[in-house]
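In what follows, a structure is listed as structure tokens, so that the remarks can point back to it.
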Amino acid sequence: MLQAAAGKGKSTTKKTAPARSTSSKPKVHDRYLEAFRWMLLSRILEEKLASLYRGGMIVGGVYLGKGQEAVSAACGMFLQKGDVFGPLIRDQAGRSAFGEPLIDVVRTYLGSVKGPMRGRDGNIHRGRPQENQLAMISHLGAMIPVMVGKLMAKRMKGEKGFVGLTTLGEGGMQTGASHEGLNIAAVEQVPLVVVVTNNHWAYSTPNEREFACANLVDRAIGYGYEGHTIDGTDLNACLEVVETAVKRARAGRPPQLVVAEVLRLAGHGEHDDASYVPPEMKSQPFAQDPVARTEKFILENGLLDANALQQMRAEISRQVDEAVSMAQQEDAPHAREEDWRGLSTSPLIDNPSA
Amino acid sequence: MSVTYLEAIREAQTQLLRDDERVFIYGQDIAGKFGGAFKATKGLAEKFPGRVLNTPISEDAMVGTAIGAALEGMRPIVEMQFADFSSIALNQILNNAGTHFFRTNVPVPITVRLPSGGTKGSGPFHSQSMEGLYSHYPGVVVMTPATVEDAYTMLIDAVAIDDPVIYCEHKYLYYHLKADALPKESFPVGKARIVRPGRDLTIVTYSAMVHEALAVANELRNDGFEIEVVDLRTVKPLDTATVLASVARTGRLLAVGEAFPWGGVTAEVIARVATEGFHLLDAAPARINAKDTPIPYHPNLWSEHRPNRKSIAVKARQILAE
Amino acid sequence: MLQAAAGKGKSTTKKTAPARSTSSKPKVHDRYLEAFRWMLLSRILEEKLASLYRGGMIVGGVYLGKGQEAVSAACGMFLQKGDVFGPLIRDQAGRSAFGEPLIDVVRTYLGSVKGPMRGRDGNIHRGRPQENQLAMISHLGAMIPVMVGKLMAKRMKGEKGFVGLTTLGEGGMQTGASHEGLNIAAVEQVPLVVVVTNNHWAYSTPNEREFACANLVDRAIGYGYEGHTIDGTDLNACLEVVETAVKRARAGRPPQLVVAEVLRLAGHGEHDDASYVPPEMKSQPFAQDPVARTEKFILENGLLDANALQQMRAEISRQVDEAVSMAQQEDAPHAREEDWRGLSTSPLIDNPSA
Amino acid sequence: MSVTYLEAIREAQTQLLRDDERVFIYGQDIAGKFGGAFKATKGLAEKFPGRVLNTPISEDAMVGTAIGAALEGMRPIVEMQFADFSSIALNQILNNAGTHFFRTNVPVPITVRLPSGGTKGSGPFHSQSMEGLYSHYPGVVVMTPATVEDAYTMLIDAVAIDDPVIYCEHKYLYYHLKADALPKESFPVGKARIVRPGRDLTIVTYSAMVHEALAVANELRNDGFEIEVVDLRTVKPLDTATVLASVARTGRLLAVGEAFPWGGVTAEVIARVATEGFHLLDAAPARINAKDTPIPYHPNLWSEHRPNRKSIAVKARQILAE
């Protein structure tokens, strides 16, 4: 198993891992560096996918989390075994932190039949429902009530101490599905954290054509949630706030709404040049690159030196390249070997005349 | 003792809750003493605390929540207050529940109960028959029980099935239909049933229209015609074999449904027989559906909007005369 | 034309009508009494409909506004010619105040073919779209965006100074349709007032299974609305708050959310005995009967004497009875005379084989 | 000069905005320089300020808003980003727009554009053909243009129609299909067109599958078969007369559609011909649809999931051999 993708098995190792810096606050630095590693993995992996996309090697589209790595990594990091994660399209960092194997990602994008969706569905929709990572559908907001149901069922089964975290864009907050899901979670008082990343764009649509409140965290009170805001480019803030929200949900407080401000630092997908983003916006504080900012912090505070950083980068690149070349050698799905079953119950499969 | 169609549904749910701890029921106004707009869950919330839960008016989230619970090993039953409101949940039903197994290999065992069909004075938004909409898409099973016995056994079957089941119960039958007792055995899931054997004409139908068809069969017997009535029971999968075998016997086909006329069950039945059993037909097949307008409110209009024994009999005689 | 149903034509007469009391604040008393008249009309009309229902004379169901007359009347009273009203099921008082002819109501309930829906749809769904009174569909929340579209179109056409008011129950606030509609209204900045009446029940479901915030007015900030609350049993408060909200919307302020607290003083419909309402709830302040409370205020403050009140009651009863007997003599629709057209464009009507 | 299918749609909208001040366009990402996920409105927001408006991600409210504007005299066009997302708006489309005229006598002239159909690697939620769902219900017109010319004239027709029109434009045709110029005249609304005359077999189809059918007709001509291809153009109303007249000439029928197999356009076509033109048929009719699973993502699977010229040709030969 590739190390950077070791995943949820690590939730215990996390505590016992040796401090990687000389800092006097090893635990805090540890997790900061761990988060950075997920961010970097996400960035390097996605750069690779983007370049494969430009080379015509990807099946379908590529949607990057560039600019959202800090908040996304935080989303995956405080979840433990038994917790549930409902990621969306810009959550590579969080998916990896939650335990998604790197090879799963690459297989899906490269159309290997060994990918978790076996060629039937692709890329950002991938999930591992049996490992508590939901497989999103495209319709934004639809996964929130699914998460609520997972959590209700766990409670009914007598499980304790679990939490669910799901993410959404600021655009997705405007769908009816989101509203119904957010509200029903509060009515059922499930241990839920909803992390909304306002990256200032829903595809090409700016905030002012999406909603009219000052900040989407203002929705919290109306649902009976506790609300939090973060500068999503500040990894420390992301870790602290998401940790607090997860802890509170786990402790039985009402559902938690976290709203992070960032700028989407890529097109909506790699097909999109995002030329509609006004240049002024790119110098706003929320437009900082969280990976660069974190790297700078690491260097300035001596958590790692330039050399160690370079090594980390090289190591991740090697892992990504390995995964890519493995997946590239794997078969694509074949129509003849596909059993074309829309139901698991074979005798109930319909046979309309052709 | 006699049991109504509605009581059969309630009894099935009682047993499911009693025998299977994975089962819970989720819907509007189904809990408390109230027990549902039609009382299909009357008494169950008290008997099974925490397992019959009222929801906000959020059909989309109700189904989404059920999907999540099913993924976690539960067997939720969702009650829509009226089938017509399931339009709000159609996306969760078809695009989420209906695709999940194909996409991930993990099935979604939810049952969505739709109080369906017309009753007097209910109008365009409390009368719809939505089996056609749901059957058109892949990934779901669509049941349309016509009898007290089937209402009971098929609901138990529905919950046992690992895939999403849309269970269309007919509101007109709730109180009007009675049986002496509930059956011990169930007819196989997905199989149509010949409810009345005949030799001159096959009427293929389902749900409340089975009873209209039977009335027509009785009426036309006086004229010497023996009409075979096939109750589809489940419209998806549609039991083509039983339909074809019947048409092979009679040579004539009339498909009857209460839903709108364009597409839907009757079109699908005729398409299957025409494509797979063309040479079995001695005359042109025919169909009767509701009219192609919203369902009218006033009983004078409603009773002509839906198929009824008069219109079915007229059409049956036409086919028999060919 | 029956007087109590004179309707929006009266928006000018309102200002010129002679003071009906000897008070020193004639304008205020005038509108208080006008509102009371709509409340009383609603109460008397609905009592009649309920009794006809018990007698098996009604086609379909009967849903009463009992307990909501004050807030509903206020909803209709500040709308002028050119404004739009989107009522829901418990808005008889508001519908009448907005100008709905009494005979329209009675014809619909009694199944006369002369009713505004001609027997095709019934009772609470009735509307007069060409007179700016929307014809609701059952699916709760669906009419909010329709109202938004009406207001956008008016703006596009260059109209000025108009406002739209639509109502909703607290249960209906939880639908995805409501959310999308409330949000899009704020994005479009249309002159809209949304009046939510929390009557503490959605059919048999109590507030705690509907939402988890302290008060639904807490939703206002998250949509970018201005929020208001009212004791919906206090007519003066209803008039003042709704007037303010309508004025603000008309003046170009953001959309307005008004949340009124009342108790539904009847079953969900007349088929429902509401035995699930706990007796304690009936002695809560929000459980007061607004008609009785207003009547008491009128008598105590000498706006009218008992005699005049009795006359008003008798006059309204007479109008209701007249309307009922007129409608009872009218024909029901006949299937043979119905042209069964689902489209207005005759050549495009489909003819599936029968 | 040549015009693509997509350019025809853009040009139609340009003219509509220019010539009719009641028209505006409402949808996600359609405004600004961006001009839509597929660029169907590219340049229009700048040319017609305030009349091409971006919306929040709120399909239900987009259609609801359009209904309200239509009631106030406007002629809104709603662009769905993908047909598949219109599931969220289905309630407004069918239960509100589709019932309003019947209920109130006031029509609702909205046009809802659905970028439909499969393209490579688009998967279960960006590939759907939803004409069957919408046609099943009363109160809407459903158009499925197959050519550049029809894409242009039918969109102009759609906006002129006083009733709700669901305009299903095929994404695969956007760039692949070109014409020399846009037509001056339009073929009558609601009429099917015989795009290729023949005598041995009628293929009834619509949208992108028209071109697959034409390819098959060309291929089979080499074997001496003359296949008549009927393009339905509008699937509701469905022009039964033209279809029957064609089957009267050929005696054989194959219905082809890209949507799911249960119900839908092909079932309706076969049901109409079987019921109304039974004696015109010399052989069993047949149909080809997509498979009854969600639409797969990988091109290897997708290309077998949908009908294609190979599978159509095989089926056509079978019918011709009967």
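By letter and in written order, the chains are A, B, C and D; residue numbering begins at 1 in each of them.
FYI, a residue touches a chain if its C-beta (ideal position, glycine included) is under 8 Å from a C-beta of that chain, and two chains touch if they have at least 3 such contacts.
Remember, it's a predicted structure, so these values are computed and weren't measured experimentally.
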item: Co-neighbours of subunit D and subunit C - touch as defined; value: A, B
item: Longest centre-to-centre distance from subunit C, chain (CA-based); value: A
item: A-B or B-C - the one linked by more C-beta pairs in contact; value: A-B
item: Whole-Å gap separating subunit B and subunit D, where each centre is the average of the chain's CA atoms; value: 30
item: Subunit A-subunit C separation of Cα centroids, rounded to whole Å; value: 46
item: Gap in Å, rounded to a whole number, between the CA centres of subunit C and subunit B; value: 37
item: Distance from the mean Cα position of subunit B to that of subunit A, given in whole angstrom; value: 41
item: Interface hub residues of subunit A, defined as touching at least two other chains; value: 117, 120-121, 125, 137-139, 174-177, 180, 183-184, 187, 209-211, 341-342, 349-350, 352-353
item: For subunit D, residues contacting two or more additional chains; value: 55-56, 58-61, 84, 87-88, 91, 95, 98-99, 102-103, 124-125, 138-139, 236, 238, 262, 268, 271, 275-276, 286-287, 291-294, 296
item: Touch-based graph of the chains, sorted into line, ring, star, complete or other; value: complete
item: Contacting residues of subunit D [partner subunit B, same complex]; value: 84, 87-88, 90-91, 94-95, 98-99, 102-103, 124-125, 132-133, 135-139, 236, 238, 259-260, 262-268, 270-271, 273-276, 278-279, 281, 283-287, 291-294, 296
item: Residue numbers on subunit D that touch subunit C, as the complex places them; value: 24, 50-51, 55-56, 58-74, 76, 91-92, 95-96, 98-107, 138-139, 141, 161-163, 189-190, 236-238, 240, 268, 271-272, 275-276
item: Interfacial residue positions of subunit C with respect to subunit D in the complex; value: 116-118, 120-121, 125, 127, 129-130, 134-135, 137-139, 142-154, 156-157, 176-177, 180-181, 183-184, 187-188, 341-345, 347-353
item: Of subunit D, residues touching subunit A in the complex; value: 28-29, 31-34, 37, 53-61, 84-85, 87-88, 121-126, 261-262, 286-289, 291-294, 296-301, 303-305, 315
item: Subunit C partner contacts - residues on subunit A that touch it in the complex; value: 174-180, 183-184, 186-187, 189, 208-214, 216, 218-224, 254
